[in-house]
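In order of appearance the chains are A, B, C and D, and numbering begins at 1 in each one.
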């Protein structure tokens, strides 16, 4: 039995998910698509021989849709998630879950009130094989207890509409989530250092930014978020433990020797780096939905990421360290 | 419209292909399976909710089967390929295409007589992203004209029934095919050097063997085929050109520092190394069959690999270089 | 004409310098040695067939000594440097130049009053080929203007007498100096983060510590100083520029594949890592002394390192960022 | 007491050795130099403030010369070595020891007749730390018994006077020596494969050449000797054992990320690659000469390299494998 998925949003990431569901994920099909740009959505529906529905609301309510993927404009996420909860339909919502931590809490309240786990947030890195190996290595005690994390998140260049806050909420948020998941601890304080700005970045943009987080047990994390590295899309992470360290590998690439140099190519776009992670995310989600037991990042994780991002923004704006109080994960989400 | 595939052989590789068609390849399903071990085939049919048929002949002739995958015992390949040709059904046959070059020629004759390209041989490495990058780098002129190739094919350990000839026909045959494809040239001579044997290999086994091939334009190839490396499954290849070299990367793996060493894991089994290549092979084959235009390795490639392997075996047994005469690719296979 | 060098201190580092001057540096010899442990110094004098003198004062004043190397207990450095200045003798003083920044200033005053540059401080990393390449790469514009620095300084284990301050003054001080030299900028603020302690480190030791520095132009630096990494002595440094990054390589080491892993050895002791840098330091110093023109790190650099270390210690103890005011390099030191 | 060394030959390598003895090697000085180009030798003598002598004979006989370094034109080596033996003076002769294996045997006879080991041949790679580590790793059993060797010796470009034989006698001879030393076995057969020529190499030059050697116990060796790699000077070597492999590292170099690539520089000249090996060779030789006990490569090693090179040349010219019969090392050389 195939899972009938409705996709809200037919922009870049939405179309990629439509292709993924159609071509890569066995046991699922795209039953309907919608977008505020109806013409675009219509074209995409045509291309993938699926149905166009005129609004997200209709799509969510459609009896032909078993489960929903939200890949629309960020500010619309919360509203559509609430609609899915009302319809008691499973939903995979691209990050962020909502625009504010308070909005995330309202989703949590609604989901708990509704009585069933329905929401997964699109933190696809949890499905990347290298992060999975890293977590396994830590669990196996290969490096002893973690003490410090050095990470960097570098984009080659940024979009014109990029803002200082988006550095944290759009880019750094991936590290916020993956490191909570990796270390299995909550954050207790946040600080952001800014300094010399890259003059190739847009005027007024504080780029790069250095995010500093500390966890409950005292693990110190620093993350360089760099929107204009100039050379490529480069994700690095090293966990320093009491007896050793683990580090993400570079994506494997052909080794070339020529003109006095040894070299290999670095990816230029984020979409290339996590292709397999997205594929695995969708495969697991479809399988989880079918067997009725979600295992991916949930509303609580969406909330934790959001409140941490808010703390980082406040810390940066105030130029000081600020405490983070995530609170206790409700039993509902265990 | 889904492609209905019949799979002959439900041993390790056969089951893996059944899983692949079912879970990984969109647009195809397993319509029937068979095996000389009927009980095993029945169990597998049950597991994947597909039909068991009592013989390869019935499976090939079944109107419910659109296309066939042959993953049975090597000596049966040729017979089943002929049956597919008689039924005018597309067939993906695991290597080898047949037990002898002469048998391969008979398949070629039958296929040409039948009038339509029907046969693809399971040289999955052609779908590996690293080999594809390597070929692209050569085409782009990144290393100049190729002059020499250093390759090695190392298994961690060998199966009990392994023979000296299998080192060439089962293992080295992958390098024979991939290097013809990479260099786009035929081989003209073969030699094999044997020397000190690994005493961890079975008694009487000449392991490792060094295969030496030369192409039409004079490119010199050496391939270490090592059935008992002891440490892992390790495939390496470096092409030396007039101005530079390209080399396959190691599969990417977590970087660990502990106990005075930096290290990363090496794969232990061949099945791990080419998972994605197999996936891509099947996706392309299904897509090619549907649109009626095969692009993968064909009967001629199966024949070329076979005649080269025979030359290598003769060269090794006679302790001398022997010429290889592959002949001209028939227009049918252009 | 050989340079006659007197060496104060015949402990580990002192003996290593005596060996170096005797066996590695052409154009120089050890003319005399001394140590507060007269018996030890006598044994060393015997071993290297040089003269034992009963006190540092006599050694510095001896007409047989042209230039002095100070490798004694840290708190004695300043006094011996002053004595060298009074004798107008060239002196290579192991770091630190003095115990406090104020003491460093008094040395500067005395040196300027004396009228001739006489003092070099033992920051040997400036002579390491990898740091030199890194500085050259930056100067050549290979990465654009530097924006951020990620460094780490990991010891395998620490000595019993190690203190929290020594993490900064003994270990981190090398990064303090090398990064000022690399970036050619002074520091303007300091912060230190401490968190979860390695329970393999001594009780009460805050280990690791994360040093945060910012330069005049706003370059953000973070340095993990880790006294008990458990796995080896590991020095890493990456400079992130506007268009690219440069990173120190690992010291080259034999590549081994065995037992399912690829690996190479990591050094265990700091003395192995900078052997060549020490050799080059001494060769350059001897050559500079002979031609009468010092080019190495001078008293001002010793002072800058010291005042920065003091700021870091205060920042750590107060749990806040503190400003650093190094002041303007006197013309005397240009 | 300093060792007084006379250097015959003031071309590139000779001048480099003069500089080395003067600046790098403690306990030795250049007492005299000579060259068939008297003007050049005079200039060099001046530069290094040493004595010019008008002929090699006078230099060898001079009472001011304790030991001799031969760095003259290859065909003169044997004659000067004989002169050193007659004078009972220690001599470090650049490879080759002589132009033919027969000439090498005559040196061996003369040296034995004279009664004292006097001759060391300039196979400096034996002093390279990576080859030393490799040999140590094998001895420690890290890879089990060696079975196969893959090596390559690539020059960026060749000199105008380069010949097909020089590929073996000048370049490949280094691998001939280092692998005998590494494996501690003699060669028993030789073969050379030639194929497609690099059109950037000189007209008529067979480049690259693939040297194939087999040792007494059956270890199979292949060495690509490539005089016109185009991209740099690149020495690679991998030893394949029964349970693992060891491989030379690339010389460590700064890691740069820019313009979509990760890369590091490859050396362009052989002189850069083995600087430290040459330094160590001379330090050991001077020390050995002083204590009267040579430990480096001796006349027998020079002979073994020469007879192996001759076998390779004959094998290439005849297009077949030829046996090598080195014979038994005389007790004199144990």
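Here, a residue touches a chain if its C-beta (ideal position, glycine included) is under 8 Å from a C-beta of that chain, and two chains touch if they have at least 3 such contacts.
Remember, predicted model here, so these are calculated numbers, not experimental data.
Asks: Suppose chain centres are the mean of their C-alpha atoms. Which chain sits farthest from subunit C?
Replies: The chain lying farthest from subunit C is B.
Asks: Return the chain pair with more inter-chain C-beta contacts, choosing between A-B and B-C.
Replies: It is A-B, judged by the count of C-beta pairs in contact.
Asks: As a quick test, compute the distance in whole Å between the mean CA positions of subunit B and subunit C.
Replies: 58
Asks: What whole-number Å value describes the gap between the mean CA coordinates of subunit A and subunit C?
Replies: Roughly 44 Å separates the two chain centres.
Asks: What is the distance, in whole Å, between the centres of subunit A and subunit B, each centre taken as the mean of its C-alpha atoms?
Replies: Comparing mean C-alpha positions, subunit B is 39 Å from subunit A.
Asks: Among the residues of subunit C, which ones contact at least 2 other chains?
Replies: Residues 230-231, 243-245, 250, 257-259, 264.
Asks: Which positions of subunit D touch subunit A when the two form their complex?
Replies: Within the complex, subunit D touches subunit A at residues 156, 230-232, 234, 250, 257-266, 268.
Asks: Which residues of subunit A touch subunit C in their complex?
Replies: Residue list for subunit A touching subunit C: 144-148, 150, 152, 193-200, 208, 210, 212, 214, 217-220, 222, 224, 226, 228-231, 240, 242-245.
Asks: Can you name the residues of subunit C that touch subunit D in the complex?
Replies: For subunit C paired with subunit D, touching residues are 22-26, 130, 133-134, 137, 142-143, 243-259, 264.
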